[in-house]
Amino acid sequence: MRRRTAALALGTAAAMVLTGCSTMSPGESGTVTLNMVESLTNPARTDLLEELIADFEKQNPKIKVKLVSPPTEQADQKLQQMLQSGSGVDVLEVRDITVGPWSNNGWLYDMKKDLTGWKGWDALTDNAVAASEDDKGRTYFVPYGFYGLSLFHRTDLIKDAGFDKPPATWEELLEQASKIHDPSSRRYGYAFRGGPNAHSNATAAIEAYVADRIDPANGYLLKDGKTIFSAPEALDAMEMYLKLFKQASPKSSVAWGYPEMVEGFSNGSTAFLLQDPEVIATVSESKSIDADQWSTAPLVAGPSGKTVQPLATAGWGVAEGSKHKAEAVKLVEFLSEGEASTRFSKGNSLVPILKAAAEDEFYRTGPWASYVTMTENPDTFLVVTQPRGVAWWTEWQQRADTDVQKMVLGKLTPKELLAGWDAYWTEKWKK
Amino acid sequence: MIGKETTAGRAAKFTFLGLWLVFALFPLYWITVTSLKDPGDIFSFPIAYWPERFSLENYQGLFGKADFGTYLVNSLVVSTVAGAVATAISTLSAYVLARFEFRSKSALLMAFLVTQMIPSFIALGPLYLLMTDLQLVDNRLGLMLVYIAVCIPFCTVMLRGFFENVPDALEEAAMIDGLSRLGALLRVLLPVMRPGIVAAFIFNFVNCWNELFLSVTLMNSDENKTVPTALNGFISSFNIDWGSMSAAAVLTILPTMVLFAFASRHIVQGLTAGAVKG
Amino acid sequence: MSGTSTPPSGVTAAPSVRKEGAPPRGGGAGGRRRREFTTRRGLVIAAFMAPAAVFVALFTYYPMIAGSQMAFRNWNLTDLTDTSWVGLKNFREVFTDPAWGTVLGNTALWVVGSIVPQLVIGFALALWLRRRFRLRGLYQALIFFPWAISGFLIGILFRWMFNSEFGVVNDLLQKAGLIDEPVAWLADPDTAMTAVLIANVWYGVTFFAIMILAALQSIPDELYEAAALDGAGKARTLFRITIPYIRVTLVLTVLLRVIWIFNFPDLIFGMTGGGPNDETHIVTTWMIKITQQGDYGKASALGLLVVAVLLVFAMFFLTATRERGGGRRGAGKGGKRGVRA
């Protein structure tokens, strides 16, 4: 009896192993299979990409695309492993912060030649064209959209607190958020970013305060060549920013990163949130707040009434190790033009790369209106290039995030923080 | 301890046991309750200790949004096979280590022990390259092979303890009766050691079932993902969807819990068999 | 490699120990039989050991050794154009990193602060579970559950419960009148460390309870009866009989747990990610953070340091066991023996 049970178990095991084996299916003759890896993964976006890929496959019956969607937290690391191994990836998501190191390591393919004469170029906005070339004129990725900050706010709470419109400046934001803030009833003013990427919102505040003097070609420099962190206005900005944490933010936000901030707003507990447009989609699905309870406003300004829009971007590129570069470029082209691009930027609430979007009704209504306002007023909402491509960007991020946390935990004064940042960038750029 | 229990002693004992039971089960209760709440109620205040409106929406969402069924099947297949094969292989090595004396024995035992000390992150990169060369990336067989290797050292040491408590007269008699050594092991020793082997398999299974980093590294496509990887995806993607996440957590814990519920007696029994005897 | 959940080897390693003291066998056996054994012995050993050895060598040791060389090279994913050998530079970088002190302190706190409560509570549970009572089987099954859950998932579970705004922990404490306003548990390094320790104790007690219970059940009742006849009190029985009897199990379990807990970044990573302000990092979570920055050289150096530190623990482990082997226990082992050459 027992032996039979054992034999049965072994048989089952063997069968299961064979099932495991069968996933290695040989390629059908003549068809090319592309592996496409995304990095800023989320389930809804993955579904959308699958749909777009299906369209692409219909147009190109000889090309099959296999989408790989690692969890966001591990994605870039996994991509690095794949790129290093030189196989398993043809098309991939490249971000402005990864393009520098990855191209430097020889992992990315320069699509410049392949894309000469591509009809899609004319349809792209100036920002998109600029972003698809690095400083040496090489094209390692074509952006699929832009991320930029706007102020998500709760219209109902603002009204209840006695204000008639959302804040336009950081000072107003501080005032309104502090008034709304009431921890005892689980009501918070501002979704502070204290965890991963804490520095990004902190520098956004600094840039707004020095907007009059900022170097448009380098968001961390003033026109006179000193860093923005050395400016006296920067200290005002950081002191205001620290108050925003102390007077208007939940205590736990010292550790908040992207997911916690978005959750804090979409679960209805927090009144203000500075985030990318992609959050519109998430908040719209919220079960805790209704569409008439929230909206977005343009990014808040500094004392001069101007602000700096820190544009971030990501796009699709091709791996140097790919054996099917022509087909891979074809897929990148497909995703970067026409219907596919429009659907992708709408579905993920991205600032679009196509000029035609400006006329699109979709971007003129509801939460999107603030983005149009920002694009249409480049004098007030300055578009400034951030030095996100430098090799030491990751190092900087980690260091700066820790400093912001130290500041809100009271272990570093705003003055010390700024002195440290000034010294860091001055040193880096001296080399 | 074995002496008479006073009433006060009994009261203290059961109070302690009761408190611990509450503490041990409360987190599981809480995640279950959260998963059964209506998504809109999860962040309502005051906090509800029992769902005001029962809802399976979180679970439905899970199977709709992501292919959770596939992940469950993958985890089940990989953990079962890897756990079983690792147990089988370890039985052989444990037998040798229990019954023979040879020069490299302590070195082998040490080598097994050292595997436990290696932080997995040091090896992930080279392992990925190795698996690429073997064409076993994004392949359930590949993941199984790695899991088997992960399970073997402990499983061996554990089973070795059990073998040592079975008198070798048993298989010697069988071998005199004409059975080969392997035959004696399979037909005579294994039946005696069943509780220990069941316990060893359960440890392997749970180990594989819960493994995250190797799975994230080695599996690419959605149809090959295991449950922990999927779960990790839920958190890191856009918002912390506590509703879906709780539902996913409950589904993840359930199979191992069922296993434990059925096997807890085996575990203690099995371990007792391998434990220090006077 | 694993570090997630943990098979018990503490107890099982114990018998091998006593073997050292067990009377060597085979000396009296007939010469012919022994020679037969010698010819086939090597083959049997090789054949039975081969599968395990191949698996472990290929999938554990090869990647580990390949990974260790990065510790002595300039190996940063942000710039792989220069991967020259740099000697001990990466180790120096670890030692001079400002976070190193905090990380070491946290690791010690993490290991000791987890082990001690786990051991004490686990011991108590085992003592009280030794005697049969109604529904004991069910009780055992229920309190085993935490152990079936992955460290990563436990991190999530407790992160949700310790959530300062909507977490159940704050709510319960407020209801009990112990706190006036919600505590931001995971936002303050001190309370965050407490929270991760609570979670780890919750998870790890089970392991000790199982191991100790198994060992306790192997203590012959006669010993207790004799003690009772001598009029020994409870405390005396505990310290004179129970603890000495299961000492090997205790020592080994504790030492093995040290290795696992040391190598258990999952829970902290799931709960705090090492934050806030990098103040809840232990060595292994810090290593993950460094890998994420792309500095594989420094991370590998750290990994080798972990192995080195744990090896020292293992030496202690082996020494401790050897001592026992020569002790009183060895005499009682006539029944079992190994085939000796």
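Chains here go by letter, A, B and C, matching the order in which they are written, and residues are numbered from 1 within each.
The rule is short, and it goes like this: a contact is a pair of C-beta atoms (placed from the backbone, for glycine too) under 8 Å apart; a residue touches a chain by one contact, two chains touch by 3 or more.
What you see is a predicted model; the values in this text were computed from it and never measured.
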Of B-C and A-C, whichever chain pair has more C-beta contact pairs: B-C
Longest centre-to-centre distance from chain B, chain (CA-based): A
Length of the line joining the C-alpha centres of chain A and chain B, rounded to whole Å: 37
Distance from chain C to chain B - Cα centre to Cα centre, in angstrom: 15
Whole-Å gap between the CA centroids of chain A and chain C: 40
Where chain A touches two or more other chains, by residue: 84, 186, 267, 269
Where chain B touches two or more other chains, by residue: 42-43, 45, 124-125, 129, 232, 235, 242
Where chain C touches two or more other chains at once, by residue number: 166, 291
Chain C - residues contacting chain A, complex: 77-81, 163-166, 181-182, 184-189, 272-273, 275-278, 289, 291-294
Complex contact set, residues of chain A against chain B: 2-3, 9, 13, 16-17, 19-21, 23-24, 35, 37, 41-44, 46, 66-74, 78, 81-82, 84-85, 87-88, 185-186, 258-260, 262-263, 266-269, 278-279, 282, 287-288
In the complex, chain A residues that touch chain C: 77, 80, 84, 100-101, 104-106, 183-184, 186, 188, 194-196, 250-255, 264, 267, 269, 391-392, 394-395, 398, 402, 405-406, 409, 411
Touch list for chain B against partner chain A, complex: 38-40, 42-43, 45, 65-66, 77-78, 80-81, 84-85, 124-125, 128-129, 132, 135, 137-141, 144, 187, 191, 216-217, 220-224, 229, 232-233, 235-240, 242
Complex contacts: residues of chain B adjacent to chain C: 1-3, 5, 13, 16-17, 20-21, 23-25, 27-28, 30-31, 34, 42-43, 45-47, 89-90, 92-93, 95-96, 98-102, 108-127, 129-130, 145-146, 148-162, 164-168, 181, 200, 203-204, 206-207, 209-212, 214, 228, 231-232, 235, 242, 245-246, 249, 252-253, 256-257, 259-261, 264-265, 267-268, 271-272, 274-278
